[in-house]
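What follows is a set of structures to go through.
In the two assemblies presented below, subunit A is common to both, partnered first by subunit B and then by subunit C.
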Partner chain A sequence: MARVSDDDKGHSRSLVKAILLTLPMLLLTGFMLSGVGLPQERMQQVALTITYVFINGMFFLMMYTRRTNRYRSTLFVVYSLCFVISFISNLVETRGSMVLSHEDMVQGDTPFCHMVIPMVIIPAAFTRTIIFPGSMLEGFAAIGTMLVLWLGASIALGRAWCSWGCFYGGLDEGFSCIAKKPIIKNISKKWTYLPFAILLVIVLTSAASLSPTYCGWLCPFKAVTEFEEISSSTVLLQTIIFFSLFIGLVIILPILTKRRTQCGLFCPIGAFQSFTNKLNIFDVRIDPEKCSKCNLCSKVCPTFSVDSESIDAGKPRITCTKCGKCVDSCPKEAVSFHIKGTPIGLSHERARLLFVYPAFLFLSIMASGMVFGALERISLLVTTGSMIR
Partner chain B sequence: MSRLKAPMAYVWALMAVPIVLATFIGMNFWARKLVSFTKLKVSPWCTGGDITSVVDRGTYETHVHRPVFGGLFGPRARGFVQVTLKAGDGSLPASISEEIDFNGDDSSDFRIDLDTETNEASLESHNDRVIGLGEVLAPGKDRVIRVTLRRDAN
Partner chain C sequence: MKGFLLGLASGSVCLAYCAPILVPYLLGEANKTRRNIVTLLCFLSGRLIGYSLFAVIAWLANVTLVQNLPNRTLVFGLIYTVLAILLILYGFGNPLRCLAKSAKSLGKWAFPGHRMLFPVALGLLTGLNVCPPFLLAFASAAEMESLWGCLMFFLTFFAGTSIYFIPLSGLGLLRRHDFLRPTGRLAAGVIGVYYLCLGLLAIKGSFN
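== the complex of A and B ==
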């Protein structure tokens, strides 16, 4: 997945420059990883070393080849897979299964995730309460800490959260990389408005019912995290819906389309996150003077954010997740990362570096805990035959 | 001003790394600040609401919560009151019968009979605001009972 191709070699910079550019990331990730304390057990030390080398190896390749997406994508997919391994193992260890009972909810033991954020805003404004059965500050994935994480990501990166931070996005990205060519090529632009429609519906229904309706009915990622115990026909129906959505949107459609269909055509938090792109300093621009209108950027965009209209407008749609795939694939180097307020077409690499450092730092900090946790579980499986302590 | 635009944009872009670092390093600090500043709490529809009275029964305690009716713009017509039977050092008695006064008028509003082994409960209402038994939950050694209520017209 992450090898330097001949194409990359054409863009690559000198080894010394690449190492120098990697040094700050080595220091920052080293500082962040050692901040929680170095492990005493040998197996954990090995897991931590592998994590550190893997993450910085990806960044080094990003610097050396001047390619963003390939190495981001590799780390992003590994991060999501490791999240699933770590999360499920932790759940089974603490609760005995992936099932979320009403007892767990009453006790506030439900981990909060960013998917809930659009649904809690209106009730929080009117009632000063969060309509989620979690804990404000205590325990794993407390509401307060997840809100801070989301705010930090939104200020620093905008919707780049979806390609550099979200622990679910790598799953459909991974499946979208499986096929060599897309089987379904033409998807109507109308579908790209569906996430905004879902966003509107879940925000209104959650405010009216004072419960997070998306979590109850639609979230496909319950299939790989936690789900309610089937105790009634309603919960059975909800289970059928979210499993079907997971299989359809996260597995089958990404394979058939080579796009992130869940992120681009369904995810309401993604739609909500799009608005943070308006406030964020980083964006992607298409230089009309260099563009040959080959539409390659439009064909490869995983979230359907580039079309002929946006090419004419010189920038992707508001839904752009700044993954860098269009930037890497443009044969004319007409597509580039850009800093709002600066001239277009000048110093592409400067803008790319200014964006990639914070974005990769965010991804590496999020991923390191998950990769380390998953490696620990895998080593436990190898040595004891079980992932559970 | 237009000459300052690009340098200011670069400064703002450079701030992204410190913002990411501050987010992770100070996550717990910012979370506490956010919660204390906004005064946000978990919805009583999830937690059961604040506890208004605690009765010590020796081997266990009975916690009566404030009735929950809160809607988005005002109280709803229907809500619930939560009663938590909190086990002490040991487990709860095999059967419990509790008279509950949820509105603080010193008279019982309903009686709950609970078999703590099967978690089967029955309800006897003494107040026309009491509609029926909601959920009976068993978090650990404790038991949580939610009784559905009608809002007082007054």
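== the complex of A and C ==
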């Protein structure tokens, strides 16, 4: 068991209480991971055990130390890395490479990604037609599951999706943790509107060109998932854009700023998700009576959601992803998770627990399969020398 | 009448082509509805100039400009590029300040209405683009024998399509949302980058 640092000593709860609070998660994740039956192969059994222990270990530490972000962040980053490992391995295994051929594109043989959920759900609501450039028949159950998960998570957690569910967000979060101090400290507030601008651009250009502009031109994560075979100048330019955006926004800028620049300054789906923050009962509040205006919350916020204006207003901006970093870092305990409709400053820990249980359960639902899959691939690499079966 | 009906029939497509440029600009300016109507009129007048110019050039050049594919690709690639540069300057720089500085150096009296030049320029460059409704109109206008007939056809076509632009002036109602102004400006810049890519690809394509 990890020792609690001096900083955390004043906050930590008793070991027995922490174990009792972890019990529901142990049971839920146990049911979830063994739902389809325990694996027979020894290698898979080991991978499943490590996944189970790792996920619940993170939750136990969250309960024991009363700190949210550190352990969420660890699981979130591991989850994203595991997604990349298992997704690329699956692609290479089934298709031979990460490249989508022109024939695959024409036949609509493209996999579903949560980035297109808003694109799918809006026409479905208005015209009862699902428009998606891929095969819906073969993977309809998976697509349906993802839609239900997204809708449920959006209603229950709002934009917390971006810090507790998105399998891309952990990549720039991981890179943002590398440097000890930020090299670029001041970023103009103007740029925090860029995700909304890109969302507007996508809506307008997709309507004009009747094609998914984001997937075609702007998605940085094509670099770690799949991309079209370079067969023309247009595809070459698009591929250069994908890789440049990935290197710039997911690797270099997060290292230089210690912020999630892709999520905070670019992602249009995050911008769309921000509006769901209005729908759910959880938010983060800043108690003006306790706040000493040290601006530490503003300095550490990974998605640029806290600034002096929002501190004065007593709450972060609509783009808050409820990662808990500001809550953990506030020296005066002025920042807390909050349930809408209840007085600010009361029952900090109760509100945190009520939020953390569903949020962590959601993260563990999303992460468990990826972590298990990646561990399987890694063990395959160790034993056979290749990640591909 | 034929031009007007064609414009009326295909105006929504026309709007879809112009909206990516016009909507971010209107949001970026955050003006009242009345002021937006003036901006919209400036944009539409620029578009009208573009249409008329095209009609005249096409009539004078005996339609060769549009019939010759490499020429057409090059011309529209260049237009896209100029439009993109304007949008990038507007979105990420401060072209009004640049325009004001230029105007000052030339004599402020010479450009009393320089704020309106920008939407006119956007309208002109958008009007010179080949969107599907424009090609339809062009095919019909090519059948006209006289320049006057050709111009009248484009004028009525323009009137038919312009009806669809009227609701855009209602964006002024959103001006109380402060975040829409920087969002609109940045969106104009991003659209500019997108058009720059399309323009450069078109220019490259014309040499193949």
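Quick note on the criterion: the second predicted complex is superposed on the first by the 362 of 389 C-alpha atoms of A that agree within 3 Å, B and C clash if a C-alpha of one lies under 4 Å from a C-alpha of the other, contacts with A are read in each partner's own complex, and residues count from 1 in each chain.
The rule is short, and it goes like this: contacts are C-beta pairs under 8 Å (C-beta built on N, C-alpha and C of every residue); 3 or more make two chains touch, one makes a residue touch a chain.
Computed from a prediction, not measured in an experiment: that's the story for all the values here.
Q: Per the contact definition in the header, classify A:144: touching subunit B only (first), subunit C only (second), both, or neither.
A: first
Q: With the two complexes superposed on chain A, say which partner A:233 touches: subunit B (first), subunit C (second), both, or neither.
A: second
Q: Mind telling me which of the two, subunit B or subunit C, contacts the most residues of subunit A?
A: Touching more residues of subunit A than the other partner does is B.
Q: For A:190, is the partner it touches subunit B (first), subunit C (second), both, or none of the two (neither)?
A: In the superposed model, A:190 contacts subunit C only, not subunit B.
Q: In the superposed arrangement, does A:355 touch subunit B (first), subunit C (second), both or neither?
A: first
Q: Applying the document's definition of touch, where does A:201 land relative to subunit B and subunit C: first, second, both, or neither?
A: After superposition on chain A, A:201 lies in contact with subunit C alone.
Q: Is there a shared patch on subunit A that both subunit B and subunit C touch, and which residues make it up?
A: Of subunit A, residues 207-208 contact subunit B in one complex and subunit C in the other.
Q: Help me check something: in the complex, which residues belonging to subunit A touch subunit B?
A: 28, 32, 35, 102-108, 122-124, 126-137, 142-145, 147-149, 151-153, 155-157, 207-208, 210-211, 281-282, 339-343, 351, 354-355, 357-358, 361-362, 365
Q: Considering only the defined contacts, which subunit B positions touch subunit A in the complex?
A: Per the stated touch rule, the residues are 5-6, 8-10, 12-14, 16-17, 19-25, 27-28, 30-32, 34-35, 38-48, 70-73, 135, 137-140, 144.
Q: What part of subunit C is in contact with subunit A in the complex they form?
A: Listed in rising order, the residues are 16-17, 19-20, 23-24, 27, 179, 182-187, 189-191, 194, 197, 201, 204-205.
Q: Enumerate the contact residues on subunit A facing subunit C in the complex.
A: For subunit A paired with subunit C, touching residues are 190-191, 193-194, 196-198, 200-201, 204-205, 207-208, 213, 217, 233-234, 237, 241.
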